[in-house]
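Heads up, the next two complexes both have subunit A, just with different partners, subunit B and then subunit C.
Our next item is the complex of A and B:
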């Protein structure tokens, strides 16, 4: 193992440890014993197969939304609207699955959700390219448009047959994403997420198109002088980004909820941003970071149910871990530079 | 003996992968002009940035009047009356001269009238023709530099560090600056003058420190040396003699042709007015002129980044006036831009990726839809070797290289991708002699291959040694096209200043 990889393991471990210590202090303020609370947290995460499966179920949509943020981030663009694109994807997936109650609905839903939420995202890129609009604001505000569009549809054409709650009827079992591990909720969407993450990595780092996206992100003017049209890249990057967030809608609707509910999963967009930053926008790193956050969510929910510590302590813990992971990134850099300096000094002598 | 004013002792500074300074020791006395001479990347600026508190040394001490001092930030440096004028000015262009100078140095309610009078007085005292109430953006580069100097004088600096102060100035302004430096040092102040131009060193310095590879290689008084001896100290390998360009008959075939090109932005004066010329195959066509007279726009119009309002451009008899940058690259037009940081390289990417940048649309790099990494690596290695680029390998990050080596990478890439026509826009600006030589021989070898070459340069010696014909630009117009052999520097100087023929002024 080279020194760089060693550094990553050491610092990531320490970051998580410090995150736990800090949130432990917060638990002390609640008058609970942090050690036993954490013991409960970890034991509850792994208490049975179902719960372990749950970790990956929670990680699946997070992989997609953090990929969505990471992809535009590579072009030096900020897509804050993954939440809205996720809702568009959910709407498309639910509508198609209700219209076509057969297994064929699954691939159609995946493709259409990608394309339509891609267009929804691509519009942000278009506004940026055409009107020099600030993509940060537009993408953020587009979430509210998507949310209200969903609410409207859930109260009108998509409203359940009973007409009581703003939600759709249950989807036909044919359109559910099939389970890959029996006796859990873990569905094939997780595999899809991993495959997509690898494809995104290939696109960014092994194709000339991905190279151009990164070049625009690092030096737009040099890219333009080399024949690249940055405006087209804006639209394309936002299209892919929106599509990725839309896929999270398919896996949540067809894989977990099996219906569309009003305002469900309200924070997977923002957690996705955190995960992407934590993983330094690396698609492969995102897979692992998402699993970590999935685990924290699962453990936190159970802990809240049985120990009396509010499960929101988990949000706090995620926050602390994130802060320390970001700090560790700079520490690693510093170590690397010091090593180079030492080599040089020795070389000179 | 009197203690030196400022003394650096055994200063060492390492950046990741690079030794910037190694055991650098020298001193500067009151009333002295010290020149810090060396090639780009020799460690001159780094060493001065340490003295000014912008960097911290990894090792070594600084003394003032024999007393050790610690300088952690420019604020500390200013307390010891040290001031540095950076190569790139740090002025707020929308603010006035007064506002810029008092920035950070005033508290509470500002008495504008008094401050601006004080600054005006200071400017007049040193014979600077600067209006304290004017906005920075309305000043020329030379005047802006004076504002930077005034900033230092306003703080009563006794040691003035200037980083390549003449790079942006006209000959007239350089003379003014030199006079100021002499005047200022006579009053018991010290000046450290960072430069790589031997002529300036000999004209202004009392003593010269020569740096090379981050170390001090010479500490000589002006009286004891001359330009030749200094250049030998400065450069490791002796410079190769440039092969004189062959004065063979121009091939008759026209490669590039410009017909009545006009470029206007808004309703102002045209940036380019009615530009027409042809470049033949195997010809180096020079564009001379004081920078900012339309050369940049000409290059941008040729490569497709600047829309032309009228006229047409032909490459090998094909009208390319409306083609995109991408299509022009596809036709084999290569361009070495003058601003390599902005237009030439992606600094945070590897050299290999920068080689790929210009031809990312070409099929040659693709294998099964993915980038052919091996081919890219081999090509990059080839360029690094051919152009003697000092880098750790094809995956070194561009910003880790010195300016000269970065430029070699760009020239290497453009030569590699070049079809029939290549534009060099100020290809040796800010480079050291070794790199200049490298670039010049690349230009000549392209000529030998029969390519059409457009060379924009503000260095007359470059124009005279390389070009077959030269067009002199003045205010976006061509003053005339001459065979280089028919011109001398006096004639071309008059043309550059706007006189079409000797004694005949065109603009009053």
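Our next item is the complex of A and C:
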């Protein structure tokens, strides 16, 4: 292991530790003992086979939304709208599964959700390329548009046949993603997420296209001079990014909920960004960081039910971890500079 | 009805102006305050909680400003002192604040059986002026925060363009090296500008909880911080531009509220709720000539 990788492990570990300590202090405000609360949190995660399976169920959509942020981030673009693209993917997956109640709906849903939410995302890239519009703002606003679109459709054409709540009918069992471990909710979507993460890694680091994307991210004008068209990269990166977030919609609708509910998983996009920050936007790192965050959510939910510590402590913990991760970027950079300086002075002697 | 609409538009544009104007000052020094959504939320929570416990709205506003200040200090420490990425940092802080507010809400209030409310800020009719037909009810029958807008816009313009302080602020965003050479600490200017933004955005957030609705929910801000952030861009980093932008968005929001309550089934409600967001997208795309501060978003690293 080289020194840089070692630094990443040490500082990330410390960031998580400090995040836990800060949330422990917050637990004190509730008049609870943070140590026993954390012990309960961790034992809840591994209580039985079901909860362990749940960790990977929760990690699955997070891998996708986090990859969505990381992919555009490599091109120095900001897709803050993964939440909206996730809703578009969910809409597509639910509509197709309701229209075609057969197993064939699953591959169609996966492909169409990827394409349509990819187009939704690609439009943001297009606005950036064609009108030099700020992609950060447009992607942020597109989430609210997608949310309202979903609310409208759930109230009208997709409304359940009972017509009571803004949700769809249950999907036919044929269209459910099949379970890979019995007695858990763990479905094949998790495998899909891992495969996609590896594919994205290969695309970014082992193909010319990936090199071009990263080149645009490093220095847009230099990339242009060497014959890369940054505008095309903008559209492409946002298309893939939107598609990835859309896949989270398929795994959630066909794999977990088996229906589409109004405003479900409202923070999947922002947590995805947090995971990407923790994993330094590395697709393989994202898999592990997502599992970590999935585990926190499972533990936090159970803890909230039995101990009276609200599950929002998990959001708080994730927030603290992210802030410390950002501080750890600074520290790593400083160590790196010190090493270079040392090498330089040794070289002079 | 038109008068009612415009009066409401003036009111709804107030917090956006507080946010956008302070964002203009911060961005002119070269720092985007991307934690703005979180600062709004923190202000909304602190304002509501203080007002509920103390029974005083002015205490609420004061603590909202202080809470916003605290968040902005954390943001400024990470972005200005440690020179970390502004968008990444802002996103992290927004997530942190969202968790913090729902956690603290639970710590302070537990799980209440009925929604907690406070009496929101009252409108103060200015004698004589509020009697002017049409203009009176629109401009002179508002709450105290909206009145302060009439003062803030010209004051902001004057400070930014007619004082030496304004010159320092603008130069820090355009040419920090020159500012540094003239003996002014660039980081200090930026830090203070972000702190100012924190104070103002805290008050802006409190406008939603105690200036208007009289209650707090964790999704009370719902992207309004980002809209203020967008207005700063669309208004070309100019206090007057920001004022025009906030009026347009205030109108959109007032119109949306009007259409929702008018129960016409002609167009879906959701379209009107999404209107301010759609408007932001359209304006972001259609604005051509931007006068972006040269060093916006990049940290100042002193060479040695």
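Basically, the second predicted complex is superposed on the first by the 328 of 349 C-alpha atoms of A that agree within 3 Å, B and C clash if a C-alpha of one lies under 4 Å from a C-alpha of the other, contacts with A are read in each partner's own complex, and residues count from 1 in each chain.
Note that a residue touches a chain if its C-beta (ideal position, glycine included) is under 8 Å from a C-beta of that chain, and two chains touch if they have at least 3 such contacts.
Just so you know, these numbers come straight off a predicted model, no measurement behind them.
Chemist: Tell me the contact category for A:10 with respect to subunit B and subunit C: first, second, both or neither.
Modeler: The answer is neither, since A:10 touches no partner chain.
Chemist: A:159 in the overlay: touching subunit B, subunit C, both, or neither? Say first, second, both or neither.
Modeler: Neither partner.
Chemist: According to the stated criteria, A:181 is in contact with first (subunit B), second (subunit C), both, or neither; which is it?
Modeler: neither
Chemist: With both complexes superposed on chain A, which partner does A:219 reach: first (subunit B), second (subunit C), both or neither?
Modeler: first
Chemist: Where does A:345 make contact in the superposed view: on subunit B (first), on subunit C (second), on both, or on neither?
Modeler: first
Chemist: So, does A:206 touch the first partner subunit B, the second partner subunit C, both, or neither?
Modeler: First partner only.
Chemist: Could you tell me if A:284 is touching subunit B, subunit C, both of them or neither one (first, second, both, neither)?
Modeler: neither
Chemist: Determine, for the superposed model, which of the two partners subunit B and subunit C contacts more residues of subunit A.
Modeler: Of subunit B and subunit C, the partner in contact with more residues of subunit A is C.
Chemist: Classify the contacts of A:313 with the two partner chains as first (subunit B alone), second (subunit C alone), both, or neither.
Modeler: Touch partner of A:313: subunit C, not subunit B.
Chemist: Where on subunit C is subunit A touching in the complex?
Modeler: Going through subunit C, the ones touching subunit A are 74, 78, 82-85, 87-89, 91-100, 102-103, 106-107, 222-223, 226, 229-230, 233, 268, 270-271, 273-274, 277-278, 280-281, 284-286.
Chemist: Flag every residue of subunit A that touches subunit C in the complex, lowest number first.
Modeler: 26, 29-30, 78, 80, 127, 131, 133-134, 136-138, 140-145, 147-149, 151-152, 155-156, 267, 270-271, 273-274, 277, 310, 312-320, 322-323, 325-327, 329-330
Chemist: Can you tell me which positions in subunit B touch subunit A when the two form their complex?
Modeler: 14-19, 22, 58, 303, 305, 324-330, 335, 337, 342-349, 353, 356-358, 360-361, 365-366, 369-371
Chemist: In their complex, what parts of subunit A are in touch with subunit B?
Modeler: Contact set of subunit A toward subunit B: 202, 206-208, 211-212, 214-215, 218-219, 221-229, 336-337, 340-341, 344-345, 348.
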